[in-house]
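A, B, C and D are the chain letters, set down in written order, and residue numbers restart from 1 in every chain.
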Amino acid sequence: MEVGFLGLGAMGRAMASRLLSAGHRLRVWNRSPEPARELAGRGAEVVEEPAKAFRGDVAITMLADDAAYRSVGLAGPLLDRAPRGMIHLNMATLSVELTRELAAAHAKAGLRYVAAPVFGRGDVAAAGKLTIVAAGPEDALEQAGPLFEAMGQRTWRLGSDPSQAAALKIAGNFMIASAIETIGEATTLAARHGVAPETLLDVLTSSLFSAPVYKNYGAIIAGRKYQPPGFRLALGLKDVRLALAAGEGAKVPLPFASVLRDAFLEAIAHGDGDLDWAALAEVARRRAGIVAGPD
Amino acid sequence: MEVGFLGLGAMGRAMASRLLSAGHRLRVWNRSPEPARELAGRGAEVVEEPAKAFRGDVAITMLADDAAYRSVGLAGPLLDRAPRGMIHLNMATLSVELTRELAAAHAKAGLRYVAAPVFGRGDVAAAGKLTIVAAGPEDALEQAGPLFEAMGQRTWRLGSDPSQAAALKIAGNFMIASAIETIGEATTLAARHGVAPETLLDVLTSSLFSAPVYKNYGAIIAGRKYQPPGFRLALGLKDVRLALAAGEGAKVPLPFASVLRDAFLEAIAHGDGDLDWAALAEVARRRAGIVAGPD
Amino acid sequence: MEVGFLGLGAMGRAMASRLLSAGHRLRVWNRSPEPARELAGRGAEVVEEPAKAFRGDVAITMLADDAAYRSVGLAGPLLDRAPRGMIHLNMATLSVELTRELAAAHAKAGLRYVAAPVFGRGDVAAAGKLTIVAAGPEDALEQAGPLFEAMGQRTWRLGSDPSQAAALKIAGNFMIASAIETIGEATTLAARHGVAPETLLDVLTSSLFSAPVYKNYGAIIAGRKYQPPGFRLALGLKDVRLALAAGEGAKVPLPFASVLRDAFLEAIAHGDGDLDWAALAEVARRRAGIVAGPD
Amino acid sequence: MEVGFLGLGAMGRAMASRLLSAGHRLRVWNRSPEPARELAGRGAEVVEEPAKAFRGDVAITMLADDAAYRSVGLAGPLLDRAPRGMIHLNMATLSVELTRELAAAHAKAGLRYVAAPVFGRGDVAAAGKLTIVAAGPEDALEQAGPLFEAMGQRTWRLGSDPSQAAALKIAGNFMIASAIETIGEATTLAARHGVAPETLLDVLTSSLFSAPVYKNYGAIIAGRKYQPPGFRLALGLKDVRLALAAGEGAKVPLPFASVLRDAFLEAIAHGDGDLDWAALAEVARRRAGIVAGPD
């Protein structure tokens, strides 16, 4: 397929690379040129304006946040210049509100908007094993099938309303953040009573909590190895903010998300915004008076 | 082995039954006589005073809470009447504070105290598949091995300090309660945006959250089937209280546990104390203005 | 003075009325025409476009929120059409972020921006007894003195940075909301132990808490008289949101504000958004299982 | 009157001193002998056992907490040795639960139990200006009138159930702690936006918040003068615990009290337990990344 690809962060690069390997033709754009080079060497055409990549059969976007979508013009001007009927496959995590706005704007411009956010970090993307949650026009979902297959190990189709894919992704990220905070509090409590974090986590992840989220983040937290970040803590605050905003939009109080927000802010105030978001656990330790030490 | 068994609630009965099946001789006591009958029919000797069951090679206790241990005399008078050197295997979830007191009192009375709380509900106990977390004198742990084997699928030995087993169990229960609250908030958020709880849980438990705690409680919450209770919500409040007390003892703030406490209280105030503790999710729904429906 | 006045809600009307009484000439604008009529009868010139009121010696604005300021053009187009050197006296509660943006945009357009938010509800405004917190260019503060005198009983000058007036006002509103929540929780706790809310409040406001905020809101809450609203609960959520945003901008966790946010959302989800914001206390009652009833 | 007085901490000493000045005869007891000396020099009889002070027309107690009342024997043995009909005027802040137990035990022993907790710190007690909240048998309240007059500037009679006085006092202390936390968060927020804590507090305490609690604690917090403590922070945690326990007993969730609990724990974990409880504000500062320094 002919695919435009906008946004070549760690995730975007890995996903674009998978598409090239699967034989698709790519036209790529990124705000800074460096990330495009490796892809260029593998046959991708590098363009210098978003509008030149926002074309083809499908345009995939993987930009940072709501603000980036607006500033690039994806909520407005860019749409009118795209070929009618084109599928815009947005795979980034956006707010429910912007998702609704984008869906309406695309329909008005004669484009097909699909929200298809993903679960998985850089290494998972590189292996083509993302979990994809897609919602949008049925024919568009059908047509994008080969692209999903190249990037993900499983794609969930949620129906025709893109905002539901956004909401599910936001709820899922909130669940991950809650698990991290839970591990942080539980291991600090255990440690203060003489139980090593590893021991608590070994017991729990061997039984009720035998899931990647507890194993992976548990290991990071027990080992206090927050660098390099798989997902930056400052972006975690963004995700919690999306959950709170989605809650506010639907009048859903989210007390755990509120606690998370304050903890993320505290972590950033203490200079940990560029660490892996598992460093949220350090907040629990600090509050308990445990002086951070090297690891 | 010759085993005394005090406390025949749903868990205690199932565990005692496993011991009988494994060929151990049991002397059982329970505050009310009914639960002992079936065990009597299978060869257990039923006694009418705690002191008469608190003897043998090993005495196992599975009473409700700290208060029950005190009122039965396990923090005092009963100890002096037990045979010197006897192992007291307490498998209930007690406070760290009482655990420390019991360990000291038993040592003084010449008894060996082992804290061996368990993870698993009634059906797991009946299948002999509990996860056991044991700490106490090494020779006592060794000697109790065959009993652990009869009741659990895996026993973790944490060393010689019983309070560490209590702390680990308390931290683990806090983690379960946090997972329930997380599911409650996330599914309410998703539902208000048109995503069925089942869908959210299917996606998440197929990937990052593929653990029994999310699958089991997720199914209960999505289906709103809170009866019969696998673990009563009112007991969940007790467990959160233990976590908060352990945190207070060690100066560890636990903001998630604080949120849980308030949510449990709210659930009980609305008459849900006798439902399964997964009904904590109804608090999130109610707060969002969703009127409880059938199920 | 020649004064433009934009925004004639309950507060704006009362403030404009005071200015007329003090002999100033007013040109007034409001989105809907009705509120302007009474002022017209007293000599104010009613105009039909914001730009026609945004002129004179001083233009005072009292619009609803950040969004209203943007949509009317006060963050952009309107500025270029105003007379150079004019003072824009914004007396509404805006975000710190927009305040910074407005200050910069006004400076660029050769206008003088003063943030002068007020404490006091409609009746206080009508009596000319507002507390005004002003920050902006010193000469502008000086020049606006007679206007402040007509509207307030006391004006605090905070210096030249308008964002500090915004921040102080936001912090102050957060304090009021915290006091309301505190009264809600304390009276519910007392009531459940047989102590009437009035009794608790009588004792406390006769000594340590002898302040208007506790007396006024205490009386509303004890009497459960939430109508007509002095300040709508839904606007209270807006104010808490401003506090949270200001906290996020400066990396200041605000756990009380987080609790307030969830409580306001819950109140709105239960249909109380149009009541006085003291109705936040009903959330505490509802959570405790007290069925709302008339009083 | 012939008065026994047990408990000569800072508050107790000041209150006993007032009673001597008013001409009452005192028999005093304290766990450690030093505090009694000055009173002895002024005519009080110093006794060495609690039982010897727990007699006379009225016995006043002002011990530290629930545990102290139990250990001294006031929940049991001491009662039977007191003269029938004696009034026990407990002026300390005890739990609602223990208050109920004491009321029942005294009635059974033929004594009259009055709960009369006080608002006010040491200097207020020394000036005889405490606010007293009393509940108990009507004749006992009447008879104790002259004592109340000697110690307080105002006594509120709540009726015959002592637990209501305890509940009111607990709710009041929760309100004070909430005010302190509110000041801590608000001043930190303001400070991070360039507004001095003093400025925020000047504005607010000149209008809506013109109450001693905001003026006094505001000054301590703005000046960061937490020594000597008027009320120790560690005792503040005790008071919050009493509020949470009273809430739990009556199924009243108290989210603000939960936040307070975690903040107090954090303060104590950082070594501030012996400072004035206004130092709770330092927790808000620390969380925002403001490094504590002298002032």
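By definition in this document, a residue touches a chain if its C-beta (ideal position, glycine included) is under 8 Å from a C-beta of that chain, and two chains touch if they have at least 3 such contacts.
Every value quoted in this text rests on a predicted model; they were computed, and no experiment measured them.
**Student:** Using mean Cα positions as chain centres, tell me which chain lies farthest from subunit C.
**Tutor:** Taking each chain's C-alpha mean as its centre, the farthest from subunit C is B.
**Student:** Look at the interfaces C-D and B-C and say which one is made up of more C-beta pairs in contact.
**Tutor:** C-D
**Student:** Rounded to a whole Å, what is the gap between the Cα centroids of subunit B and subunit C?
**Tutor:** That pair's centroid distance is 52 Å.
**Student:** Distance between subunit C and subunit D based on Cα centroids, please, to the nearest Å.
**Tutor:** 37
**Student:** Identify all positions of subunit A at which a residue touches two or more other chains, and write them in rising order.
**Tutor:** Those would be 247, 251-255, 259, 262-263, 266, 269, 287-289.
**Student:** In their shared complex, at which residues does subunit B touch subunit D?
**Tutor:** 237, 241, 244, 247-248, 251-255, 258-259, 261-263, 265-266, 268-269
**Student:** In the complex of these two chains, what residues of subunit C are touching subunit D?
**Tutor:** My answer: residues 96, 119, 131, 133, 154, 156, 158, 161, 163-164, 167-168, 170-172, 174-176, 178-179, 181-183, 185-190, 192-195, 199-200, 202-214, 243, 246-247, 250-257, 259, 262-263, 284, 287-289.
**Student:** For subunit D, which residues count as touching subunit A in their complex?
**Tutor:** That would be residues 255, 262, 266, 269-271, 287-289 of subunit D.
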